[in-house]
Amino acid sequence: MTKLSKIGALVAAGGLALGIGVTSVAAETMYTPNMSYRTGPFAATGIPLMNGQRDYVNMLNARDGGVGGVMVDFEECETGYNTNKGVECYEKTKANAIVTQPWSTGITLQVLPRTNVDRIPILAPGYGFSPMSDGNTFAWAFNPPVSYWDGASMIMNFISDGDMNSLKGQKIALLHLDHPFGKEPLPLLEQYAEEYDFELVPIPVGLKEMQNQSAQWLQIRRERPDWVVMWGWGAMNAGALTEAVKTRFPMDKFVGVWWSGSDDDLIPLGEKAKGYKSISWNVPGDYPVIDAIKEHVVDAGNSMVEEPADMDKVFYQRGVVMSMFLVEGIKAAQEHFDVGAVNAEQLRWGLENLNITDELLEELGMAGMTAPFQTSCSNHTGHGGAWMLEWDGEKFVKASDLLKPDRASIEPLEKEKAAEYAENNAPWPGRDGLPCE
Amino acid sequence: MLYRTSGQFKTTYESDQALFPVKQDALLLGVILLAAYVVFPLTASEFTFKALLVPVLIYSLAAMGLNILTGYAGQLSLGTAGFMGVGAYACYKLTTIFPEMNVVVALALSGFFSAAVGVAFGLPSLRIKGFYLAIATLASQFFLVWLFEKWAWLYNYNASGAIEVRTMEFFGIVITGPTATPVTQYYFVLAVVTIIAFAMINLTRGRYGRMWKAVRDMDIAAELVGINLMRAKLTAFAVSSYVVGIAGALLVFFWKGAAEPNLFDIPLSFQILFIAIIGGLGSIIGNFLGAILLVALPVILNVLPDTLGLTINSATMEHVNDMIVGALIITFLIVEPHGLARFWALIREKLIIWPYPH
Amino acid sequence: METLYNILIDPFVQMYEAPDFLMQVLWEGLVSGVLYALIALGFVLIFKSSRIFNFAQGIMVVFAALTLVGLHENGVPAWLAVPLTLGVMYVLAVGIERVVLRPLVGQPDIILFMATIGVTLFLIGFGEFVFGGENKVMITEALGIPTGALEFNPFGGFVLIEEKDLTAVVMAVLLVFALITFLNYSSMGRAIRALGDDHQAALSVGISLSTIWVIVWFIAGVIALATGIVWGARAGVSFALEVIAYKALPVLMLGGLESVSGAIVGGLAIGILEKLFEIYWGQPFLGGNTETWFAFILALIVLLFRPQGLFGERIIERV
């Protein structure tokens, strides 16, 4: 940057601050901001994921010169998992962004109505509002490869050994973060509890109590549930696992959602946490894509990972998979519209026509890393399925075959809640004349 | 020169006590209002509305409410955000129970709910003073946020536990919800803030204002000269909470569009308190100055490194922002405990006597 | 009738029927209570000597713990990291005295209080700037704190007592004794108490205000480090710890701002009562998480009857 242009930029920035205009981004990059949190109580689980996301895009930029010849600008905006700040980030980035990645169910819910108006797709892989799967209602929102309700269904399926009727009379505690994210599985689990006659005990953990859950685990000790299912995030996971070890809760009866399975939370507990399970839509392992990232990004000093061993962890690799969804969406749009730099509307089409196949994964160096799936107009999630991972004392290992959600029981609920949402937020545009191709 | 007061004679007590004893003050206010009502809407971008103008107005209003209680009546409150939440949730419930209700009516009514809660939590102020009271107001803060989380009726049993603002019209113009344009929302907020600010300026200059100030300066002495302490303190709590509640409702309905309970947690209370301190306790104009500074600071800090060609990650800027605000508070308390408002008063004084030093 | 029974009688029946569980609840409450008491002690010490309500005490806990862990992460051995952290707390005490307190001498209490809120915010930003915002694990083992658990089997049930919690309690007791000895028997301690009793008189007999302030803030820093270590061992080290600082405020309301014994008794009482309330009433009837406000409401109710707190000195106001 020359001195003159620096001054120019400074003036432009001053103008921005005074409310004259917004700085523009050079035309030939695609701006895909990520609402990250590398600070605050959720940073510990956020950082590895965000490193993975960032490094995959940077690897493509370094190795292939971007996606389809266009560089991807993967900038981060810090939210600290604070909904308020997340919305600010959305407002700040929406002018040039082709996608918004809110990174919190709370933020997703708040930007959801705005994205319809601003016409920007939301990409919320593995999080967000489960009914977003209904693409005819939520035309601009995508949550591949599985939703929280899918996750709850797969977990219940796993703990009942495939026979939900065997849960009859059992007591299942849902230890969840008292935040939109943690409350997500409740509607489905309540429905299941009624249908299969088991007792569901929701145990909320407030944002202020994440690190000191002694009251919650005393409650678990008193209730003596057969299973504890955890919908935890950030510091809550480490807190819960520590308390579980402390109160000698049997680890093999403790199952977490995919965000409750970070290696970093379990390493300090080591052998003591052996048997803890977490469902996951990616399987950790050695993949060519990780080697490529190591070569082009980490070894080049452009990564934020602290040591290469971090790249073998479940969360880092999941971050890579998340960015892969985004990039495949871009590729699909580039091909369909025959353009280089896709815009937000085109990317929306791309995400609606994702087709992740085994061949494609093989080609990307990700064979077996995640389950194949396909999105469509009415299916914005894909529902690819997930695996149960188990902590063996040192690392997570695959402990089940590919699990599939029980779509027959989830889909009516999705439709119902989507309709309810549209009604509460009337006039809701729905597909708003977007063609379905 | 600009502020020459010579030639402006006051021949009655009324004119001496008038809101604008100096003509230029009125002129200046006119210019500011012109800028707010005409110039900004014509020039500002959507980002500016959402990130600067609307927040400044709403935060000023909340700080104004707090200032009534803390700056005028001397009752330190650390629970502002809780009362903002009451206003927001009341407005939400009113507009969902009575969908036909005009949003202005709902807004005005929701203030009464927060005023009632404010008075309830203000009752201990008759017995408890100083720091003890400050801590007592924290009780309302924590209890109310907990209530917003646990009382599902408040958020209409929404699965996410958040309240969402639906699209509402005001005489045919969409003013809330995602389709409302920032300019309309800005005008609406501006109108509300103008009206309330005008009311508050008059209130604080009148009988109640004087009563509050007497209580602030020394409550026992005030009682001795015949001021009914209970009445003075509770009216301060009521008026303050009313204004704060409206600010909370505006925050959710005209800015955020949705809210989770923890939006009203303690950081918001402190944000408002800092605005009031930096702006100047016991002043109305200070709230605006404080809000401008505290809202603009993070925005500028976010833009600055880019323009200097530095890449600093956004988390670092957050931390730097906290440090600067913390240091600013300390600096202001040391240099000028009466805040920015006092600075303005000093500048004005200098301008009046210019070019003479005294 | 049944609701009344459920609320008024049934919890006690439960307590009687599962005494081992009750003992566990009481122990957990006691441990939190000890920590609340420690933080409250830091507040009281500063308030007694300088009439400053130090809102930053909670963040000093986090800051001390972060410094300790941060130093250790950078290769400083634990035996050296502790004195170094104390050194940092000393520098902080001197810094606060020079930069914040000295220029504000003689200002109204409320101004000083707000200045400490400014200090809090600054320290949050500074701490995150230096040490990063993510959670850290307390270096429990390196400090030689035992990590096992003792199991007792009274009444046919079981009670688990973690050795680190036990260490916390023992450490707190020792600290309190040391502090009381210091305040009562050393000349510096007597000077601090003199300052607390009467500012003017203490100054007139030659007690140096600024020295005392630095020392008091440093002692508060030492207490903060001790609290940070034991609480960090329980719950990890992060800025989320600052919420426990808010818990110390109702303890102060209950115990009185000037009373060392009040802080201790208040802290223990609140720790135990809030846990009992949460387990036997909060979770079954109110949806849980009542610990966030229970202490405040309790203190508020007590204050309505005793505006100076349970142990506070009687407030005499003059015009």
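By letter and in written order, the chains are A, B and C; residue numbering begins at 1 in each of them.
In this text, a residue touches a chain if its C-beta (ideal position, glycine included) is under 8 Å from a C-beta of that chain, and two chains touch if they have at least 3 such contacts.
Keep in mind the model is a prediction, meaning the values are calculated, not measured.
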item	value
Intersection of contact partners for chain A and chain C	B
Farthest chain relative to chain B (centres taken as mean CA coordinates)	A
Mean-CA-position distance for chain B and chain A (Å)	37
Geometric centre distance via CA averages, chain C-chain B, whole Å	33
Shared interface positions of chain C, touching two or more other chains	128, 133, 287, 289, 292
Where chain A touches two or more other chains at once, by residue number	38-39, 80, 178, 206
Set of chain B residues in contact with two or more other chains	149, 315, 318-319
Partner chain B, residues of chain C touching it in the complex	53, 99-100, 103-104, 107, 109-111, 113-115, 117-126, 128-129, 133, 246, 249-250, 252-253, 257, 286-287, 289-290, 292-293, 296-297, 299-300, 303-304, 307, 309, 315, 317-319
Chain A - residues contacting chain B, complex	1, 6, 9-10, 12-13, 16-17, 19-23, 36-39, 76-78, 80, 83-84, 87-88, 91-92, 95, 105-106, 109-110, 113-114, 116-117, 129, 178-180, 183-184, 186-187, 206-207, 417, 424-427
Parts of chain B lying in touch with chain A, wherever the complex brings them together	40, 43-48, 50-53, 149, 156, 158-162, 164, 166-167, 177-179, 256-258, 260, 262-263, 296, 299-300, 302-304, 306-309, 313-315, 317-319
For the chain C and chain A complex, residues of the former touching the latter	18, 21, 24-25, 28, 32, 128, 132-135, 137, 149, 160, 162, 234-236, 238-241, 243-244, 275, 278-279, 282-283, 287-289, 291-292
Complex contacts: residues of chain B adjacent to chain C	76, 124, 127-132, 134-136, 138-139, 142-143, 145-146, 149-150, 218, 220-221, 224, 266, 270, 273-274, 277, 315-316, 318-330, 333-334, 337
